[in-house]
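Take a look at this one; I'll ask things after.
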Amino acid sequence: MELFDNINPIDFRYYGRNTSAFEKLNKYLSEKAFISYQLKVELALVKVLSEKGICDKSVYTETKKAIDKVSAEEVYKEEDRIHHNIRALVNCIRKNISDKAKPFIHFTATSYDIVENANSLRYKDVAENVVIPDLLELEKTLIELAVREKNTLQIGRTHGQHAEPITFGFTISGYVSRLGNRIKSIKASTDNLRGKFSGAVGCYNASGLFFKDPEEFEKAVLKELDLKPCLQSSQIAEPEHITDFIHSIISGYSVLANIADDMRNLQRSEINEVAEIFGKKQVGSSTMPHKRNPINFENVKSMYKEFMPRIITRYLDQISDHQRDLTNSASSRFIPEIIAAFVLSVNRLNKIMSKLVVDKDSLNKNFEKNKNMIAAEPAYILLAAHGHPDAHEYIREKTLESGKTGTKLNELLSSDSSVKKYLEKFTKEQIKILENPGNYTGIAAKKTEKVCDYWKKELNL
Amino acid sequence: MELFDNINPIDFRYYGRNTSAFEKLNKYLSEKAFISYQLKVELALVKVLSEKGICDKSVYTETKKAIDKVSAEEVYKEEDRIHHNIRALVNCIRKNISDKAKPFIHFTATSYDIVENANSLRYKDVAENVVIPDLLELEKTLIELAVREKNTLQIGRTHGQHAEPITFGFTISGYVSRLGNRIKSIKASTDNLRGKFSGAVGCYNASGLFFKDPEEFEKAVLKELDLKPCLQSSQIAEPEHITDFIHSIISGYSVLANIADDMRNLQRSEINEVAEIFGKKQVGSSTMPHKRNPINFENVKSMYKEFMPRIITRYLDQISDHQRDLTNSASSRFIPEIIAAFVLSVNRLNKIMSKLVVDKDSLNKNFEKNKNMIAAEPAYILLAAHGHPDAHEYIREKTLESGKTGTKLNELLSSDSSVKKYLEKFTKEQIKILENPGNYTGIAAKKTEKVCDYWKKELNL
Amino acid sequence: MELFDNINPIDFRYYGRNTSAFEKLNKYLSEKAFISYQLKVELALVKVLSEKGICDKSVYTETKKAIDKVSAEEVYKEEDRIHHNIRALVNCIRKNISDKAKPFIHFTATSYDIVENANSLRYKDVAENVVIPDLLELEKTLIELAVREKNTLQIGRTHGQHAEPITFGFTISGYVSRLGNRIKSIKASTDNLRGKFSGAVGCYNASGLFFKDPEEFEKAVLKELDLKPCLQSSQIAEPEHITDFIHSIISGYSVLANIADDMRNLQRSEINEVAEIFGKKQVGSSTMPHKRNPINFENVKSMYKEFMPRIITRYLDQISDHQRDLTNSASSRFIPEIIAAFVLSVNRLNKIMSKLVVDKDSLNKNFEKNKNMIAAEPAYILLAAHGHPDAHEYIREKTLESGKTGTKLNELLSSDSSVKKYLEKFTKEQIKILENPGNYTGIAAKKTEKVCDYWKKELNL
Amino acid sequence: MELFDNINPIDFRYYGRNTSAFEKLNKYLSEKAFISYQLKVELALVKVLSEKGICDKSVYTETKKAIDKVSAEEVYKEEDRIHHNIRALVNCIRKNISDKAKPFIHFTATSYDIVENANSLRYKDVAENVVIPDLLELEKTLIELAVREKNTLQIGRTHGQHAEPITFGFTISGYVSRLGNRIKSIKASTDNLRGKFSGAVGCYNASGLFFKDPEEFEKAVLKELDLKPCLQSSQIAEPEHITDFIHSIISGYSVLANIADDMRNLQRSEINEVAEIFGKKQVGSSTMPHKRNPINFENVKSMYKEFMPRIITRYLDQISDHQRDLTNSASSRFIPEIIAAFVLSVNRLNKIMSKLVVDKDSLNKNFEKNKNMIAAEPAYILLAAHGHPDAHEYIREKTLESGKTGTKLNELLSSDSSVKKYLEKFTKEQIKILENPGNYTGIAAKKTEKVCDYWKKELNL
């Protein structure tokens, strides 16, 4: 099958043709990788069996050599013949070892003693080696941007309406904090990925035939794989550790989607505060050559919409009849795709955010637009604090008047004798803010730094 | 990239290695197919332009030859260079034609004038040539099974509890009817797949430069593709026709899932009324060689759990900012996978259901288990009909007594003088049913036939 | 329990305190209404029984009087005692009738013969009397707005970027068409709501004891309720008709959400093309008295986010073990809430859209912003049509130059001798468009009218 | 509005009429409770203001008295007038205090400084006082059941097929462990519920007018409420803490759903290993008086299907434009319902599981059914361990033979000279297991105890 015979866009488009993504992800998330992880688990078993004296050391040496010869193609061919994927894997190993060694391949194991551990291990590896490092890169990019722009005045927006002033760095620091938080969450759920080696129904029925303490045997096998066992398992591991892992990724994906939405809104023709960098040869539109579309931000949002709902499958897969049914088997084969999509979006976002064009002219122009009205909040609060009994309503009406007449709110207040006695109590600093609402940014810059410092330390950046 | 470098299990496992599925689906759902459909749309445009005298007939002839030379690989390579997929496609065509012809490729079109039509067309083609015919095969299989087993006594189950008698054929006729209904729904949503050729924002701005009635031009282009235009469109077609199409598939998938669940429950060790046929060389379990697992039914359910939640993406994709944003672009590339998964499950289910083992001994044994209690319903109803003022409560207590003492309900009634006067009014037929509840199947057989006949006619089977 | 003891915001806030919504919806969607619909079904049964001579006419007369006395409170109290809701309902009716009549209440029926019909009927009633009429009101509002503003120039936006000119009426006509389409879809799914009266497992086991053709009996009962039976049923009706009904509502909700998103984006401080009308006493923000937030549009989107995912429950409820399990019982009790929420959003949107403030100054100002660049598309297309071999690339570069230098694209072209030979071929009209891109609206106005006329006719407005 | 005028079944049925649930949940989850928590937050603010010397101590005393007089009804009435819920609340407080005190109500706060804290606090309170204690009750019930039945032989089931023996206590211990794990997860997400008091856009713009270190002021206010602030906030708190909280509940709900599914399957007529206790007056079915349906287990599953998909809303609500849009406002009002539904299901499950009927006769009868075949796994493994080169295939064929001929697997082996040399090496204990597979339960009992002990300690039960 050729690349473009594929149906899934991750395969033929986003990962399959993306050299850097392919190299990063192939060794964990491809089917080839899955089979090679399964072989690792089978080998770990033989190793422990030989150490425990159940079989000869040579069985381990033989197996170690044998598994290098097993290819995904071969395993699939054998599966075609016998219709059982793990038994096929076992047969492929056994083909390459002596009769004496044969019985110890897959000894006392059930298929999911292999599958669960192979999956937990590769998810752990890809999280530790790719997902988290790439998220840290994005976090670093955001921190740099936030710190650089910590004093860049921006009008804060609520409901899409101009609200109170902030700085652009402060805006970014919000993502720094939320993403930092999700990185911690992904780390925690990764650390909690578990294994199992308790046999067909979880009672160690088979291993109990040979070991006095089969839980100790389980621990030993999993230790080879750097995994800890579930406290309890049936044919399958407790599914919750996987649900938590995917939840941490999807809730992180929501943060990416929020960044993407905000940026493409700030890139609107009328707002224009930021822009994706645009290649010289890049075509904006097939018919409108002048367009500079936020296509990368749009792609991140679009991938999010595709992958977010898949959490539903994870919850449904927590439910398995009795000691398990197999209705989580095909569905769990789609988990690697979620991880791949997330990594692709993290990388894409990092690339755009690290070169984000910040247009200070537009930031200023937008701020100026409602500058006058912005004084409303401090005016109302200061009036109230200095004793005005109904400051909120008073200012609400004055802003309506200001809106109608065009007279600045500031001037309306100065010329209204009814509030004179309160205005006299204002400090110079307070008056400055009324006169120049650009100063009304609270602790935006300081907070930006604080948040960035916190996450730099917390995440060892 | 090799097959097992893929991440998505449809690609590397369920479709990619399944010759029959591959042959069926590749020409509609692969990326290669998508590009070839896009070329068809570009050609249709040129054809109409030449017919309308906007360009020379030779432009059409040139283009017709040119598009045969364009490969997916080439288009992707060009996209790498200019970062725009449809402009890349256009460039690849233009490379192979004369300067004179060049301007008429993609003339007045926006990218989505190509993409929307290519998608609607391939979805229509795959639905008409694969999805619906394969569903009809499954429907035929179910009808045969239903008719064959229309008189096979089965205990009806509600809440997993034995309720009233039915026949196994009647059970199957329930799926016949629901699936038939979904086939109609898929047909209707397929027929309603629409196209558009209204330019970048839907006002025919560009085509309006050359045509007095650009809607007539749109219709002409779409007629070449056997598509009808949306009544209104923006840069994109009205998204609802796609949502409806996917809804019809997913609600059909729910019916498959219901069949799969029922069958795997009827295959439980304790129930054993049906079984998947089992290959001679097939391995039931890697450690429990005696197992005969309903793995195909489990696979259908598992795939359903993976694909059902993706309707959420379709609803989200109905929302697009103003004349459209691009956040439906990546996500809509995953639609073909839903169709592929559905077809795979339909085929799998057809294969198992056509060879389903129906175990009449078990059906009878299960029926016998609560045969005595089954008389409760007709007993209560007949008592009531013949004048007993509180028949339901009376029978409820008698069944409790029957359960405790083991005496048959029938005998408890005969020996209770308080109900004698009612029992005397019973007809012979009514008494027969109390004595042999196996006769209490209502119109199960007749209804089975009626339902099957209805759908055979309705679907021209 | 007091109103504010409730937990659900529909109950205590959006419907419970909204007199007009309450009056509209209470009689179909409240629990009180549900019970009264169940009583209607029980009465229809008795009516047919008396007509068929199974019981005396007086039984019907008695029952008709009796059901008026049954209250929801009473039924619930009886359910507390016997733990079965429909048997409780039956007991409450029986309490008020003679011993002779008692047996014929619920005669041969299973609970879901009552529940399914009561639900189908009230959903049908609420759809026909509220959902569809209210949607038609909204459609009328949108049509009026579209027609009124059919010539109001607006810059079309794709990717949030200025694209090609349209008119504001044309924008609205897009919603007219999509909503019209959804109204048709809701009508169709409403017409297809089905009933059943086939007993505990669907074989007419009980009714078959008394009727030669129990399907005819079923039809007669349902005819009393103006419902048609499912072709096949088990204990429950085929669930697909409900899934289709809810799908039609939710996909309609997505259209509302799209309108809401677009409007709140157009209301952004920087864009300002539309605004929600704002009450004189209304408070925009608790601390920022100048804010005019699009809170109604935000509410519609928010409700959509709450209710859209509930389609998942409907798909899951399509699956029921064998002749049914009860796991669709509690969940289906939440369906009325989806309908209520949708109606509330339709009404809210109608209210705002009917008073929508359209700010023509802002529309013009926004259009002017990139007016110069807008000529790019017609320029490139006309150049191409008149023989320029690489018009798209040529114009792409010229727009970059125009962006950098500030010189109008138009002027750049006039002063470039390399394109002179093409420009000379332009018609006067074509040149007009290059000079004043405000003319480049294609058939916006005409299409707006056409779409509105179509839906006025199609929906009998 | 009367109870049965409500539309939502939580309100009119599951909580509204359930005295114990009502008493538990009303004070946290009703709208009344929400408003009273908002008042608490407003009071905490005034308290800190008075402590910091911004206002007089008497303002606090006045306010403390005033808030007791504010009712939900009153706040709603005021909201009707001014269309802003928090400003309405503020007005209601202000009505009851002196002019001097008035300005300090809501001083420097934005609405969401009140709303976010009120919600975090009531969610925390309900989690700590109801959700977690009730879960612990259920956990205790499960532990008691597991320990009591730790030696009760049960056939383990995979794919619905008889697999290897376990004990019923071991089955239950699987739920003990998974639920224990979810309780920990809910505890952790509860502890992480956060507050904010950073003003309209998160920069402390208003509070910064009066406090040198407004973050310290924020901390002080939140300390009054026993909450910690988010590291960063905009108008709203970082939404992830809520998503995590709901995820922990929903993934816990999946465990309940798994228990419910397993139990209702074990209650099937053919399996009959467990049963819900059944009231004396309880009606099993309106037409089938003998039915004993697992209606409570079915209810738990049904509620799960209704509430599980609502996680989608939480992910969507993580996305808010810029410093926030209001599209999370209506939707977040539905969160209390998720908590209520979960508690109701926990209580229901606890009630049934604490009185679960365990039928040892059926357990034994089911075990006996395939007892002979069960020896297959130990037989194959022991043969392999003792040197048989192809034990799995050998046993697979013997079980097929045993199935066909009815001869016990054990006897087939003894009479087959080809395996004699391996069988001679078996220990007495190993032979015992082949002869009586009821001994082949591994460490089921020991593991059950271990798991239960672990969670008793871990959760301080």
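Note that the chains take the letters A, B, C and D in the order they are written out, and that residue 1 is the start of every chain.
Here is the rule we go by: a contact is a pair of C-beta atoms (placed from the backbone, for glycine too) under 8 Å apart; a residue touches a chain by one contact, two chains touch by 3 or more.
This one's a predicted model, so the numbers in the text were calculated from it and none came from an experiment.
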Touching subunit A and also subunit B, the following chains: C, D
Which of C-D and A-D has more C-beta contact pairs: A-D
Rounded Å distance, subunit C centre to subunit D centre (Cα mean): 33
Separation of mean Cα positions, subunit D and subunit A [Å, integer]: 24
Subunit D, residues touching no fewer than two other chains: 87, 108, 157-160, 163-164, 199-200, 206, 264-265, 283-288, 293, 295, 298, 308-309, 311-312, 316, 325-326, 377, 381, 392
Residue numbers on subunit D that touch subunit C, as the complex places them: 1-17, 22, 25-26, 29-32, 35, 72-73, 76, 81-84, 86-87, 90, 106, 108-111, 199-200, 206, 264, 279, 281-288, 293, 295, 298-299, 301-303, 305-306, 308-313, 316-317, 325-331, 333-334, 336-337, 340
Subunit C contact footprint on subunit A (complex, rising order): 155, 157-164, 264-265, 267-271, 283-295, 298, 312, 366, 369-370, 373-374, 376-377, 380-381, 392, 395-396, 399, 402-403
Subunit D residues touching subunit A - in the complex, by the definition given at the top: 54, 87, 99-100, 102-104, 107-108, 156-160, 163-166, 170-171, 173-174, 176-178, 181-182, 185, 199-210, 214-215, 230-235, 238, 240, 243-244, 247, 250-251, 254-255, 257-258, 261-262, 265, 308-309, 311-312, 315-316, 318-326, 377-378, 381-382, 384-385, 387-392, 430, 433, 440-444, 447, 451, 454
